[in-house]
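Going by the order they are written in, the chains are A, B, C and D; count residues from 1 in each one.
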Amino acid sequence: MTTQRCRDIAHVSAAELRTAVPSQTAEFLVAQLGMEEVARAGDSVYLHAWDDYEMFTIKVTGAPEPGIGKTWLRAASEEALDRRISAIEGAGLGGRWQDGECGLGPVYEFRDPDGHEIGLYWRTRWYEAPDGQRPALKNQAARFPGRGANVRRIDHINYLAADIPAAARFLEEELGAQLTEQIVLDDGTPSAIWYHVSDKSYDLVYTSDWTGSSGRLHHVALACDQREDILRAADVCLEAGIHIETGPHKHAIQQTFFLYVWEPGGNRIELCNAGARLVLAPDWRPISWTAAERAKGQAWGLKTIESFHTHGTPPVHQP
Amino acid sequence: MTTQRCRDIAHVSAAELRTAVPSQTAEFLVAQLGMEEVARAGDSVYLHAWDDYEMFTIKVTGAPEPGIGKTWLRAASEEALDRRISAIEGAGLGGRWQDGECGLGPVYEFRDPDGHEIGLYWRTRWYEAPDGQRPALKNQAARFPGRGANVRRIDHINYLAADIPAAARFLEEELGAQLTEQIVLDDGTPSAIWYHVSDKSYDLVYTSDWTGSSGRLHHVALACDQREDILRAADVCLEAGIHIETGPHKHAIQQTFFLYVWEPGGNRIELCNAGARLVLAPDWRPISWTAAERAKGQAWGLKTIESFHTHGTPPVHQP
Amino acid sequence: MTTQRCRDIAHVSAAELRTAVPSQTAEFLVAQLGMEEVARAGDSVYLHAWDDYEMFTIKVTGAPEPGIGKTWLRAASEEALDRRISAIEGAGLGGRWQDGECGLGPVYEFRDPDGHEIGLYWRTRWYEAPDGQRPALKNQAARFPGRGANVRRIDHINYLAADIPAAARFLEEELGAQLTEQIVLDDGTPSAIWYHVSDKSYDLVYTSDWTGSSGRLHHVALACDQREDILRAADVCLEAGIHIETGPHKHAIQQTFFLYVWEPGGNRIELCNAGARLVLAPDWRPISWTAAERAKGQAWGLKTIESFHTHGTPPVHQP
Amino acid sequence: MTTQRCRDIAHVSAAELRTAVPSQTAEFLVAQLGMEEVARAGDSVYLHAWDDYEMFTIKVTGAPEPGIGKTWLRAASEEALDRRISAIEGAGLGGRWQDGECGLGPVYEFRDPDGHEIGLYWRTRWYEAPDGQRPALKNQAARFPGRGANVRRIDHINYLAADIPAAARFLEEELGAQLTEQIVLDDGTPSAIWYHVSDKSYDLVYTSDWTGSSGRLHHVALACDQREDILRAADVCLEAGIHIETGPHKHAIQQTFFLYVWEPGGNRIELCNAGARLVLAPDWRPISWTAAERAKGQAWGLKTIESFHTHGTPPVHQP
C-alpha cells in the first residue's frame, strides 16, 4: 500500500493562446506581463518569460475565436516519454509525432478525453539570451525585465471539460499525475480537480464546463514572484485598460494569491504567486471541498463573481 | 544519454539542533521564528512549523556544544527507501534501524562520509492540530501564527565537510540527488555543492570546512513565504537581541533572498524565501561559479563577511 | 488668492471604542493587531501602537452598544489650540476643559455638529518604554511587536453624519482642515468628504449616514507599514475568527490599500497602508467623484459590498 | 515655551543633476527608475515622476563634472514665501528673482551658506498628462509606469557641507525647518543633520564634507512606494549595469529602507521607501547619535562601506 512515485511528466512548459487580435495579445504579454518576443512563424508569435529555461512560454496564434491551442508538457526522460505514450495509446487516445517548433524536438501530439490538444516531448533547446542581453546572473535564463508583472514562467492550465471523472482518469493513468485538491458535489461527483506533476501544489486543473461543451479554457496561469508583484500588476493592468475580472485575493483552494484579467483576445489569464506553497509529501492526502464550503467564497471572504463561473473561451454560441 | 529520474528522497523533513541553552534556543524558534512546541522527551524539545505536514520540523537537544544532530529525510516510497538503503550499505556507510520519534515510523540511521547523522524513513504520522486550534483552511497543517518570521517549513541544510568530492559522490550515488550549482576552485576541485532532491533548487549543501574538521554545520535554513517576511524578521531579531550576521540580501548563487542569524546556542540559522525559484528541468545543467566570481560578493554587491567563512558549529578548539 | 497655511491641528492622536465586550476588543487589538496594553482605569483599557510617541492610541471602554467615544486631536502649539477653541466657541460648539487621562494634559472637550465627542489638547506626556522593554533603535517609541498586523499608529477616523455640508464647514472653519477628496451626488451635495490636517492625504472623514442618525461611526483606521502587512493581517484575522468584511483591495478614492474587519464588539476597523501617498501641495485641488464613478467600484474593480453602506455603530434600532 | 509651527516651506519639489553624460543619466532615470521625459531646453532634460503634481521632478543638465545644480523648494503660500525671503536677505544670503522654468512661476534664487543653489517659489503649473496618457485614477498626476523602480516623487537631498553648524542655523532660521535627528561627535559638534519641513521625518540633510570642500552633493533621494519596490530596483539596476553602492538595507538613523546607486554620471542616488515613518509630533525631540553608535552600522548590522564616507560629487581634485 505504498506509492511508487516516478514522475514521468516533469512540468507544464508552454501553452498556445488563440486570439482574434494576436498583435494586441502579444503586446499585452510583453508590455503588461513583462515577456519578450523570441520568434514569429506564420500568424503565430512566440513569447518567453525570463525564468523559463526553454525557448518559449506562450505561443500566440491568430484565430477567429479565443481559446486554448496546444499545451506542451515536458517528459522527465526519454523512457518516461515512452511510458506515457504507451499509456496514452493503450487508452485509445493515440496521437502522432510532429516536428517540434521554436526549439522543441519531436512532439507527440494527442488530445485529452475532452479534446484539448496536448504535446508531449523530451528533447528541447535551451533558451540562450542574445549577445548584449545576457542576464547579470548566469543561473538565470534571461534578463529580469523590470516591466509590468515580470512573470517568470508558466504556472498551470485550468481547462473546462464536460466530463470531470474522465479527466481525472486521464490525469492519473495516462499522465501519472497526482490529485491534491478537488471540489466534490453533494452527489459525490467531482466538479473541479487539481493535479500536480511537480512539487508545486498543482499544474493541471479541470473544471466542469456548465455549458456541457468540450475543449474550452478556463484560464492559463503565469507565475509572479512575490504577492507584491501581483498587486503591482493590478495597477499596471488598470492603467493599460486591461479588464480585471477579480482579485487580487487569496483562494481558499490551494491558497493561491491571484489576479484574473482578460487578455485583449478574451482569454482569462491568472497571475499567481509561485511556489511558496509546495506539496512535498509523496503520499499527499487530497483535500475535498464541498459545494457549501465553496460557497463561502475565497480565503478572506471574497465572493466568487458570476463571470468566473460563466466566462470560458471560446464563447459558446447558442443555436 | 537521457536521464531517468525517479526521485527516491522526497524532501528534507527535519533537523536536530544541539545547543548548550536548549530553552533559549526553543524560545527563539517559538517567539522570533513563529514555530510551536509540540512535544518534549528527555532533554529535547520538538517544534513544528505551520506548513509542515509531519509532526515536527526542528528538534532542539541540550548538548555541551552547538552543532547539528540528526537530519531526517523522507523517502518517496517504501521501495525507494529500500533502494537507498541498499546503495548506502553497498557504499559501506551502513547504519541501523531505530524506533522513530515524535511521529516518525522506523528510521534507518547512518552517517554521511563526513560523519553527519542522517535518518531515512518512509512511515510517518501526519500533524493534526489540537481541537480548538484547527487552522481556518483545511489544506493547511496548523494555524498561521502571525508571529515573528512565521517560518513555514525547513528549507535546506548546509553542512561543513572535509572532503567535498566525497560528499558529491554520496549525494549522487547513495541519495540520488542532483547537482544544481557549485563553486569550483581554480584547480578544478569543488569547494561548495548545492544538490536538490525536490523541485526546489537545492535541499542539501556541503561547503568545504576550512578547518579540515568533519561533521560540522554551516547552517540550517527555514523557509519564509515572502521577501517582506524576511525584512520583518530582521526587525524582530533586532528587537530580541538575536545576533544578525548578514543580510537581508540576495545570494548570487541560487538567488536566495536571505537573512543569517545565530540562534542563542550559536548555530547559524538562515531565513530564506521559499520556492519562487524552482528548478523544473529534469536535465538541469549545473552552474559552476569560480572563486573570482564568488569574490564579487552577493547578487547586489554585498561583500561576504568574514564570519560567514569562519563560523561553524561546533566551534573548533585549538590544541 | 493664495493660501496661508498654518496648520493648527497637528494630527489625530487617539480614539475611544465603545464595546459590549471590552476584554475581547482589547485582546483583538493586542493579539491580532499588535498593540500593547499600557493602562486601565474603570472599565477602560488603554492600548499603545509601537510608533505612537504619545501614551495611548486606542481607548477601549465597556458600553451597552458599540460606537465611537472620544476622538483626540493634538494641536500644533499652545497658540494654535487657543485659536481653535475661539473658533469652536464662536461657532456655538463650545465645550469645557477636562483633566486629561493617560498622559494627556488638560483636554478641551466638545462635540462636532453631528454630536461626535472631540478632545483638543496641546500638553502631552511622551510614551516611554518600561525598563527591559526599550526598543533597539532609539528613534522609535516602543519595540516592534512582530505580532499580527503590527499597526504603527492611528491613521484616520471615518464618522457617519446626518449633515455632510455642516461637517465640511466645521472641518474647514473650526478645525482649519483642508478638503482633499469628496463624493458629490448628482444634485451637487457632497455625500462623503475627506479632509487632512497633516501631509497624509486624509485624517478625518465624514460619510452621509443613510439612516439619518447622528454621532455614529463608520470606521477607525490603523496604519500598517507595507501592503504585505495588510495581506498578512488578513490571514491573522482569518485564523482568529475575526469577521473580514471586505478587502484586501485598493480604494479608488485616496488610493488606500485596505482591509476592513469588525472587532469583536462590532466596530469596523480599517487596516491601511500608511503614508506612501502624501498630499504635499499646499494648494491641493480637491478631487470630486460622482455617484457614477463611485459605482464602478474600487480601484481594481471590486464592487463595494452592501454592508459597507449599511453597517455603522451603534446599530440603529427600528421603532 | 511652546512651538508656534507655521511651516513656510511646503516641500522639496525638484533637483538638478549635473552630469557629463546627460543622455545616459536621463535614460537611467527613465528606464531604470520609471520617470518620463517631459521637456528639453538647451542641454537640459526635465523628467517627471508619476506622483508629482508639478511639471518636473529632476532636471538633468550637461556639465563637465557631476554634482548638484539647483534644488527647488515650494513655499506654503505667497506670504510664506515673502517671510522666507526676508529672513534670507536679513541673513545676508540674498539672491535674485529669475523667470521660472518648465512650469515654475518666478523663482527666488540664492545660495545656502555652503554655496548650494536653492530656488524658492510659490507659483507653479500643475502637471497634466497628455491626451491618451491620462492615468486611470483621477487623483493621480500621471500613469503608473510599471517600469523599473517606479519612483513616485523626490524624497530628500543630502548635501555635503564644510560647516554643519552654519547649515543648521540656515535651516532653522532662514527656512524654518525643524531638526529631527543628528550625529553629534564626541566634542559636541554635529557632523550630520536631518531637518524636515513636512510630516516626512526629513527633507533636507547636511553631512560634513571630510574634504572641507563646499557645495558638494552626497545624494539625491527618490521615493519608492513599498520596500519590495526597492528590492526589485536592485535587480533592475543589476541587469542594467548600474553601480549598486550599498543596500538594500535599513538605516538606523531615520529607519529608512534604502538602496544607493550611482547614476551613469556619477551622482549618488538613493531609492528610499516613502512615508511609512512620519514625524507628526509638532514638538519632536531631536534624536542624537554618537560616533560610537554610528560605528555599529545600519539597523540590521550592515557596516557602512568606505565609499559612502568618501564619494561625493563633484569629485575633489588634489592639487
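The criterion applied here is as follows: contacts are C-beta pairs under 8 Å (C-beta built on N, C-alpha and C of every residue); 3 or more make two chains touch, one makes a residue touch a chain.
Being a predicted model, the structure only gives us computed values, none of them experimental.
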item: Interface residue identity across copies chain A, chain B - same or different by half; value: same
item: Gap in Å, rounded to a whole number, between the CA centres of chain C and chain A; value: 44
item: Geometric centre distance via CA averages, chain B-chain A, whole Å; value: 31
item: For chain C, residues contacting two or more additional chains; value: 136-137, 226-228, 235, 238, 299
item: Chain contact graph, described as a line, ring, star, complete graph or other shape; value: complete
item: In the complex with chain A, residue positions of chain C that touch it; value: 227-228, 231, 234-235, 238, 244-250, 257, 259, 299-302
item: Residues on chain D engaged by chain C in the complex (per definition of touch); value: 2-7, 10-11, 51, 53, 74-80, 122, 126, 136-140, 152-153, 181, 198-200, 225-228, 252-255, 273-278, 280-282, 284-285, 287, 299
item: Residues of chain A touching chain D in the complex; value: 32, 135-137, 143-144, 146-148, 150, 226, 228-229, 232, 235-236, 238-239, 241
